[in-house]
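Supplied in structure tokens, the structure appears directly below.
For clarity, chains are labelled A, B, C and D in written order, and residue numbers in each chain start from 1.
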Amino acid sequence: SDELVIAGRSYGSRLLVGTGKFAAHEVMRDSLLASGAEIVTVALRRVDLDRAGEGDVLDFVPPGMTLLPNTSGAADAAEALRLARLGRAATGTGLVKLEVTPDPRTLAPDPIETLRAAELMVADGFTVLPYCSADPVLARRLEEAGCATVMPLGSWIGSNRGLRTRDAIEAIVAGAGVPVIVDAGLGVPSDAAEAMEIGAAAVLVNTAIAVAADPVRMARAFALATVAGRLGHLAGQAGTGTATAASASSPL
Amino acid sequence: SDELVIAGRSYGSRLLVGTGKFAAHEVMRDSLLASGAEIVTVALRRVDLDRAGEGDVLDFVPPGMTLLPNTSGAADAAEALRLARLGRAATGTGLVKLEVTPDPRTLAPDPIETLRAAELMVADGFTVLPYCSADPVLARRLEEAGCATVMPLGSWIGSNRGLRTRDAIEAIVAGAGVPVIVDAGLGVPSDAAEAMEIGAAAVLVNTAIAVAADPVRMARAFALATVAGRLGHLAGQAGTGTATAASASSPL
Amino acid sequence: SDELVIAGRSYGSRLLVGTGKFAAHEVMRDSLLASGAEIVTVALRRVDLDRAGEGDVLDFVPPGMTLLPNTSGAADAAEALRLARLGRAATGTGLVKLEVTPDPRTLAPDPIETLRAAELMVADGFTVLPYCSADPVLARRLEEAGCATVMPLGSWIGSNRGLRTRDAIEAIVAGAGVPVIVDAGLGVPSDAAEAMEIGAAAVLVNTAIAVAADPVRMARAFALATVAGRLGHLAGQAGTGTATAASASSPL
Amino acid sequence: SDELVIAGRSYGSRLLVGTGKFAAHEVMRDSLLASGAEIVTVALRRVDLDRAGEGDVLDFVPPGMTLLPNTSGAADAAEALRLARLGRAATGTGLVKLEVTPDPRTLAPDPIETLRAAELMVADGFTVLPYCSADPVLARRLEEAGCATVMPLGSWIGSNRGLRTRDAIEAIVAGAGVPVIVDAGLGVPSDAAEAMEIGAAAVLVNTAIAVAADPVRMARAFALATVAGRLGHLAGQAGTGTATAASASSPL
């Protein structure tokens, strides 16, 4: 009954998983299963859009999972839109994870082109989930443009640095009318739990699972941490004491 | 098969829970059940040592849970030993969570008296689990004195400030031959996960559960977070990137 | 010889100071003097643009300081441009600190309107110093639009929360060809030092000085901290050890 | 008039500097001068106690600086006392920086042997400044044993990890009747400023200066940062906002 609702559809899991960087397709498949994810993102560039080849990554996404094609690698709005349309034609889904990341060093999203692409995609009938800076004004604008979620970054893609944007995520959550999905940079399960505790509706994890020594076990760890953080959020955490004061839990 | 072993006995859960501060005994009982804990600490001062009264806290500890009496409120080694002996007589268990906390502001453990008490208790046949400063040399000495675990603090008791002693815990874990149980200060489920990720063998949580708006749900959240952190530790987390570099999870 | 150069002009101080929130004009003046600042920002809304009134804040800015009018309160590019033009007419300076902050909760800058305003202002001959999100792509775009600096936020205006955007500031510094001035949120002198250590060219401080118990002393503190951080940056700090390893500074 | 008073003697500088790890004696001397330090610590093991050799490190300590011999390398109280006595005989000073660090990995101080050594040294007439864990109970005990200061660690010696023990330092400061000098681990000038801001009476820095690319400049940076932090402390910093709320510094 505590479901994640995106564009009118409900999901039981609040952990979204990416498909990049796995050592083998089979490991990816087993990790996806272990994660309990219901939404799986895949780079449109990796999809054999003609489905003519062999070993397409899509063949290893377990049946029943919702595919979320992403525009990874797009450097501007036009390229993102083009990729999204090709993807829609090939996969049949109108869902798209919008990524416009022209900076090769940080792969940080471009706020201007991301908003522009979102407007174009919404107008073209897509259900748009944009990867974006942890910027409360931009998040608001993306929502107003018709995006189904906002997906602010925790830290740079693939950096495993964790929730370095905590204050901004809190502000985005406080102002958002659509689900806030923290995407990128979550490196350990506790990062996912922390994001959920401060009110994220979901998290998306890829690198931290894919490059773990044991990806399947790590996928399970993130699954549990995401639920733990969600429950912690719902349970209403207590206040925090000051640096110099304790409060006995047992009678003195 | 990944069990916590303390003094030769195995436990399936790595979350220990305290019994203080709950609004009602029934809430405590339900929270203990929800936590999945197998070890429950209770202040000897709270125990009706003659078992003559009504509504003793022990009556609400679900059957089958291992009782870990603590010496909360002891200001020196002698008082701790006296409390422990009374507790052993009343409860029949030789397990004791040693606490010597003379400073009313921080309730920080006294390293000198804690070590002294540990030596006396071990000599007296107790199985000693000492609450201690996050101090790697002290932890080593407590282990050499025959303690069954060490229980360094994350932050001040009841402060919910989280894992403020991370570096020290990592050093203690690296040098310990007994289980390291992070005790005190863990305020949200992600704190428990983080402690487990860096190698703690277990965590002990009380205030964060007892004073949550919904203690039972929070107990469940900590249970999942503890497992998540443990799995994350075992799964071998990947390295962390630098502040300025990203690593694409999808092809560009 | 280690001067801050903005739009071709050199400054000996790397601490910019704001003029809001002081309890009295005299305290502001004394604080500005104590800060050693050479650039002082003032809200155009506070300036008596006709210079007809009494007690105008500008009368208390010590002579010789460079005035940096800001567009505080502007909710979009058009309003910012209008304010800037009025200010230029009244003060005679073409310098402008661009602020477009439509979100009343966070006063976070609007990335879209800020870039738009910057383009309009540069085209109109202004020397533009934009307050902006800590977003490396946006910073790059503002620089390409002809801005004289970029001024990413440390944390929300007036929050005194410190450098919560450290990773992003590091990325902005790594990619910038104009001075990076950390603006907003620096709450204590060590925050200013930290910003300078990671390569900021300057910092701007207002609230932390204005609302200190002793603003004049706090101004001096920030002045010294800014120089300390700059020297620390130039001196080439050593690497950082791991959480578990020490390195003797004296022979063992 | 804001002087540091240790054992009845006043000092104008609140930055103490160590003499280890410098690439050359001349660089050390110039760094000490640039630091403005009035108290300089030197390992008794490095001192040519017969003063018969050449190039003794003491010959490069500028005249007028107070020498603070340390017992670096001592593994227990007896060894520390022996070193201290030899040092007193050779240098004529009764000041001693007590260090007992048996753990080769962390060089963390031994709380038990440190307290024992402090008691022995005080009884023997020394003025004792003990390096200690960031432990408020231990700090209190050292003060009660007659120590002239307490010197809790910021992070492991030589690690440059900064003020990882902030909560504990705050608690120590709140309870101390002698100067609290943060010793070990401060890696950048902002770390020193932060320690002073939270109420440390002084800081001791060695590695961060000695191994900087430009030690003399770094010494100057730490000198300024220490004063900045002290002024910030005295100036009464303002409160900190929440993660989601800003406070306009200019009128909107």
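Following the convention adopted for this analysis, contacts are C-beta pairs under 8 Å (C-beta built on N, C-alpha and C of every residue); 3 or more make two chains touch, one makes a residue touch a chain.
Every value quoted in this text rests on a predicted model; they were computed, and no experiment measured them.
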Averaging each chain's C-alpha atoms to get its centre, pick out the one most distant from chain D.
A
For chain C and chain D, what's the span in angstrom between their mean Cα positions?
34
Could you please state the distance in Å, as a whole number, between where the Cα atoms of chain A are centred and where those of chain D are centred?
46
Considering chain A alone, which of its residues make contact with at least two other chains?
105-106, 108, 156, 161, 166-167, 171, 174, 243-244
Using the definition of touching given at the top, classify the network of chains in this structure as line, ring, star, complete or other.
complete
The answer for chain D against chain C in the complex is residues 18, 20-21, 41-43, 45-46, 70, 72-73, 99, 101, 104-108, 156-161, 187-191, 193-194, 197, 206-208, 210-215, 217-218, 220-225, 227-232, 234-252
Which part of chain A faces chain C closely enough to touch in the complex?
102-103, 105-106, 108-112, 115, 133, 135-138, 140-141, 155-156, 161, 164-168, 171, 174-175
If you look only at chain D, which of its residues touch chain A in the complex?
166-167, 170-171, 174, 243-244
